[in-house]
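Next up, some structures in structure tokens.
In the two assemblies presented below, subunit A is common to both, partnered first by subunit B and then by subunit C.
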Partner chain A sequence: MQPERLYKTWADRKEAAQSYLESVNWPNGQTEAWKFTSLSHLSDVVLNPPKQSSSIARAARLDGEVLNFTAGLAPHLAAASLPAGIIASDISGDKAICHKAFALLPDNHHLTALSASCQTAAVKIEIAGSAKIDTPLILQFTDGKIDEASHPFIFIDIADGAHLHLAELHEGASSLSQPLILVRLGQGSTLDHIKLQDEANHTTHLGLTLFRLDGQANVNSFSVSKGSQITRMETHCFFAAPDAQAAMSAVYLGCDNQHHDITTVVSHEYADCKSRQLIRGVLDDKARGVFQGRVRVAPDAQKTDGQQMSRALLLSRDAEADAKPELEIFADDVVCSHGATVGELDETLLFYLKSRGIDEAEARTMLIDAFLVDTLEEISYQPFADFLRGQVSGWTARQTGVE
Partner chain B sequence: MSLLEIKNLHARIGDTGILHGIDLTIGRGEVHAIMGPNGSGKSTLSYVLSGRDGYEVTEGDILLDGESVLEMEADERARAGMFLAFQYPVELPGVGGMAFLRAAVNARKRDAGKDEVDQLEFVKMVRAEAKNLGIKDDMLKRPVNVGFSGGEKKRYEILQMALLKPSMAILDETDSGLDVDALKIVSEGVNLLRSVERGMLVITHYQRLLNHIVPDQVHILAGGRIVKSGDKTLALEVEENGYSGLGDAA
Partner chain C sequence: MVATVETIEAVEQATGAYKYGFVTDIETEKSPKGLSEDVIRFISGKKMEPEWMLTWRLKAYRYWLKMTPPDWAKLNVPPIDYDNIYYYAAPKSAEAPKSLDEVDPELLRTYEKLGIPLNEQKMLAGVAVDAVFDSVSVATTFREELAKAGVIFCPISEAIREYPDLVRKYMGSVVPVSDNYFSALNSAVFTDGSFVYIPKGVRCPMELSTYFRINEKNTGQFERTLIIAEDSSYVSYLEGCTAPQRDENQLHAAVVELVAQTDAEIKYSTVQNWYPGDETGKGGIYNFVTKRGACRGDRSKISWTQVETGSAITWKYPSCVLKGKDSVGEFYSVAVTNGAQQADTGTKMIHLGEGSRSTIISKGISAGRSNNTYRGLVEMNKAAENSRNFTQCDSLLVGDTCGAHTVPYMVSRNPSAKIEHEATTSRISEDQLFYCLQRGLDEEEAVSLIVNGFCKEVMNELPMEFAVEAQKLIGISLEGSVG
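Up next is the complex of A and B:
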């Protein structure tokens, strides 16, 4: 990471972002960070800001308070009835807040630059420390049209000692969907987070969710990527104080000629922090999966525990998976491990199941579910676990044809 | 009509011919034993009968209840009544034991147009059968075969057989890896499943299993052919004289 440049104002930042974007255009596999994922197809399309449209009402499939971002535009916050302890405000007019928030995000980074330059919404959500909030907060991203680009920015500030259940549901239909979610976790706060990427099959999804943790904070995050044509899903974790913990696991499910790129960046800047990532991918047809996982351990971050394991399962000969773990460890007293495997369904196991009368489709379903089961067990909040398990098994059933 | 008829069966794995013309007929209620040295093709025969991919029949036929099974997939054959207790049962991490057993039993029920089993009743049934075979409750809760000892895996195979009630059971070296006590328990389990409706093909390398599961006929397999058949005394003969000489009889 390059040293943070100093911008005096939001206008400076935005200008720098624009010139950065002009200089790199869309990444096309030339830069290391985008080695496996090219966005050059975006240079051929005209992307327009979204137009305000009324959202199609959707039955909530997950209980909670829903904030709906239609086509990447901010919801009418005054009308939202949020539980006590959650304050949401539109900060699109308050560039000073955006400016401060962006100082917590990586610089010289394509997605933060895009967001600074093209924002379609800017919302801040504050979670009070005293409040006891049991209802999950659901950020739902829907609608959008071909040739539209949505760039919502949401800054969630969790006070010391507070707790939040947060779900991001990306189910839009814009050509480009670029949500940027920044979550600051105060001291001793906890967050259960899930992200579901299930956008329309013409969408390019470029998501970035960044957690910034104070001391003793704890985040349990889980992402599922199954929609879109091309997905780059970045999850970052920045330990800004000692003794915090992050579990950020993910499952990607690819079919047809989808491309799923799961990129994670974990920055251990202080001692005694723990990070844990289990990544599983299942790829059918001509789908391509990428996992890039960078774990950085700063010289002072002693007693860091950083675990990372990625496995991909190929269901077809034309599917392909790449993994690029990157460990940058500058401290000496650490426990860090990483591993990556790519495999196919084991014919011997399939035969064993079939020899018991279980048909091919059900046998494959059982083995795919078995491949994912321990990863899904990482989700600590039960309603979130049940919801994502349903999403995953629905996908598997559709691919194997047991439905 | 015989339960299982194997006629002039030739089979290969890839380009390698392994079975070179096997004839064998098993009637309902009969227990046949196949003995033979390592590498004689016993497991290959069991896989060919149960329809494993990659095991190609090049000549001959296999009839179950008078119908050829050659065009049937492994799962169809299983639902038609074929069962293989594996020489080396595989571990299925992530596949819960109970869910697996239920899926297997329900697959047969569905095929037979019957209702699926009630979950609670099924658990009771499994526990009862497991107890007979000395299988602990804890084993039933684990993923299929994961962390089981060699002997426990063999017992679990017989448990599956007890639940699936196949018409034609093939037991591939179910005795290997069992100590004397376990051999007794497993044999008793198998003997309980002997019935006038069911045929069994018991594959073994050693005679000792056949003291417990007494066969109606014994066949010696060598070099992919049955080189000698006889009654149970043939097994004792082999025990005394070994396989040497028998192979040359072909």
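Up next is the complex of A and C:
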């Protein structure tokens, strides 16, 4: 984590970020953290800040309170009628808050620097501890033009003991979409979180969501990446106190010549925390899928339980799956494991289904669905689970031609 | 159980000081300090090399000048002053010795202290030793018996003169000159190493063995090994090394190339026990090695087994390029780090051929304040139809001040290929320790016993002579890590 003293003010940080970005340009395979995902194509893309346009209220595909970020710009918060207990404020003018929030983000990180330097919106959402909020909060990212880059920053502060259902729906059309979401979970608070990346097929999506957990906090997060041309979806979890829990699972669905990169970082800094990750990927056509997962256990983080499992399914001869699960362990009394497999659909299972009179396409659909379904069971909030199941099944049906 | 008793004895014998820490005084002939084209010409001249070899070295040197050291490993490498190293130091002797009697007795005494069976080896079952003292091979035995079988086993400098066609054909074909920073450096300045050629259909009549030994102060050792196994041949090669105690860091950048043709099998075993430095890591060896084998022919097989206990810093990834149909690559590794040691080691399995298979079993043991990283790549390429890989990486932490890390890379470009990877991290359980203590073992014996059990799958792959030494080494390496 970034020591605050490095940058005394927001201006310092912004300047440092700018000079860093100028010095490194876009990362490519030469940088270890970007080994499988190169952004060098962005050098040739014109990227302008989004133009202010009248925001059109769009109905979300999911029920809940919607905050719509059009082209990466902040919504009109005064007009938003949020339920009691949720306070949203524009902090783009409040440099002190931005500065404090960024001190909680990882240092020397390309996406953090990019956000500090190019921010197009900065919104803080506070969740009061006493409030009982049943409806999910939906952050919806829409629109954008082909020569635009969107860099919204959203800082969600969940008070001790509070509970929130949070959905991120990324459905924009900017050339570059770089949302940065920081969620601080107070003591004993809980969060159900989903993230759907379904951006336009020319977009480069570089999303970073970071959870920072206090003691006894609990986050249940699930990401689905299926849109855009090139995706790098990072989810970080930072245990800032003992005895917290995180489940961070993800599914990526690749077709045509898409590139999906799911990168996760779990930092166990304190004792008795538990993390669990299930990752599944299905790749068709010429798609490429990447999973990079790092679990770090600090010297004092005894009794850590860190589990990770990633599996990829290749449906086509031209698809590629890459994985780099990583364990970095400095404490001895821990239970940590990771597993990874890559393969194709099991021919014997396919044969079994066909021998029962199920046609090829349908049998394949069933097997792909089965491959993905056990991860979806990780989602504890039912409306979220149902919504993502629909997204995943829809994709499978379209790929196999069983619609 | 015999081995266990020996381990205990070994631990008792070791009294805190590095067992193999001593310096032998033998005059050596050195090149000027530092690296330049002139130094390379000097080395090449000393070796009486043909012109093409010098050209090759200079080409490598020019590549090296443009390269930068790798920085992706989880290693903290102090800057190396390449101009403060002697690139050539050979034991001074008028002529190459023709038999053991002609070998400098001081040298032989050194080997005796190390327990290398150079004199007694004739009694030992079928081990021929090509002993490397500093940079020149001083004695090679069992040549005749090997010659009868048609096997060539000689220093690489000799091979360059005697078998230029073979060397030119294969050297650099597995590890290209420009492969990486350290291999380029090695290609420019390598002084000696071993050359092995097993002709078609020959099963090498004995296990070939080279003991490496770094002696002269400030001498970076740049070994070059080339092993070629022709169709349907078999060879088992053993490499073991120890080094005397000293103050300044020593760089070791070896290159090993293996070529296995159709139905050939090469088994390469290493026990590495170089000086790890003092408690702070000062003075230890930097072991930056490029080892790669090419399974060129169908059904060829290359198997790497390594027991890494020494060196201050290890950067080593013995790899297999599985080009032949149904070719097999294996990697069995035990890496033990203690004190302030750092190891970043693993393998690369590059599957190119149909039906190729690879197995990776890696056991990492960290103790003290050391850091031990497994880093391995499994790559399934387009043509690697129905290829298989299985990887298992287990880490064991002894104490709570060390680090154990696992960084596998998996790349799959063929749907019919299967990659499976498993990794676990654990520590010695209280129950296991309690059970051993209750049976009258002390804590260090118990740890040695449990750790040897943890590594059993790898130890079983070692040739018998090595297995015993390796078990002792593990015991010694972990000394002082408990209690």
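Note that in this section the second predicted complex is superposed on the first by the 392 of 403 C-alpha atoms of A that agree within 3 Å, B and C clash if a C-alpha of one lies under 4 Å from a C-alpha of the other, contacts with A are read in each partner's own complex, and residues count from 1 in each chain.
Note that a residue touches a chain if its C-beta (ideal position, glycine included) is under 8 Å from a C-beta of that chain, and two chains touch if they have at least 3 such contacts.
Keep in mind that what you see is a predicted model, and the values were worked out from it rather than measured.
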Partner chain in contact with A:358 - subunit B first, subunit C second, else both or neither: first
First (subunit B), second (subunit C), both or neither touched by A:145: neither
Winner by number of subunit A residues touched, once subunit B and subunit C are compared: C
Which of subunit B and subunit C A:316 touches, first, second, both or neither: second
Contacts of A:328 with subunit B and subunit C, given as first, second, both or neither: second
Which of subunit B and subunit C A:302 touches, first, second, both or neither: second
First (subunit B), second (subunit C), both or neither touched by A:337: second
Sites on subunit C touched by subunit A in the complex: 72, 74, 380, 382, 395, 397-427
Partner subunit A, residues of subunit B touching it in the complex: 50-54, 73-75, 78-79, 83-84, 86, 89-90, 92-95, 99-100, 103-104, 107-108, 111, 143, 160, 164
Residue ranges of subunit A touching subunit C (in the complex, touch as defined): 32, 35, 299, 302, 312, 314-317, 319-344
For the subunit A and subunit B complex, residues of the former touching the latter: 347-349, 351-360, 362-363, 366-367, 369-374
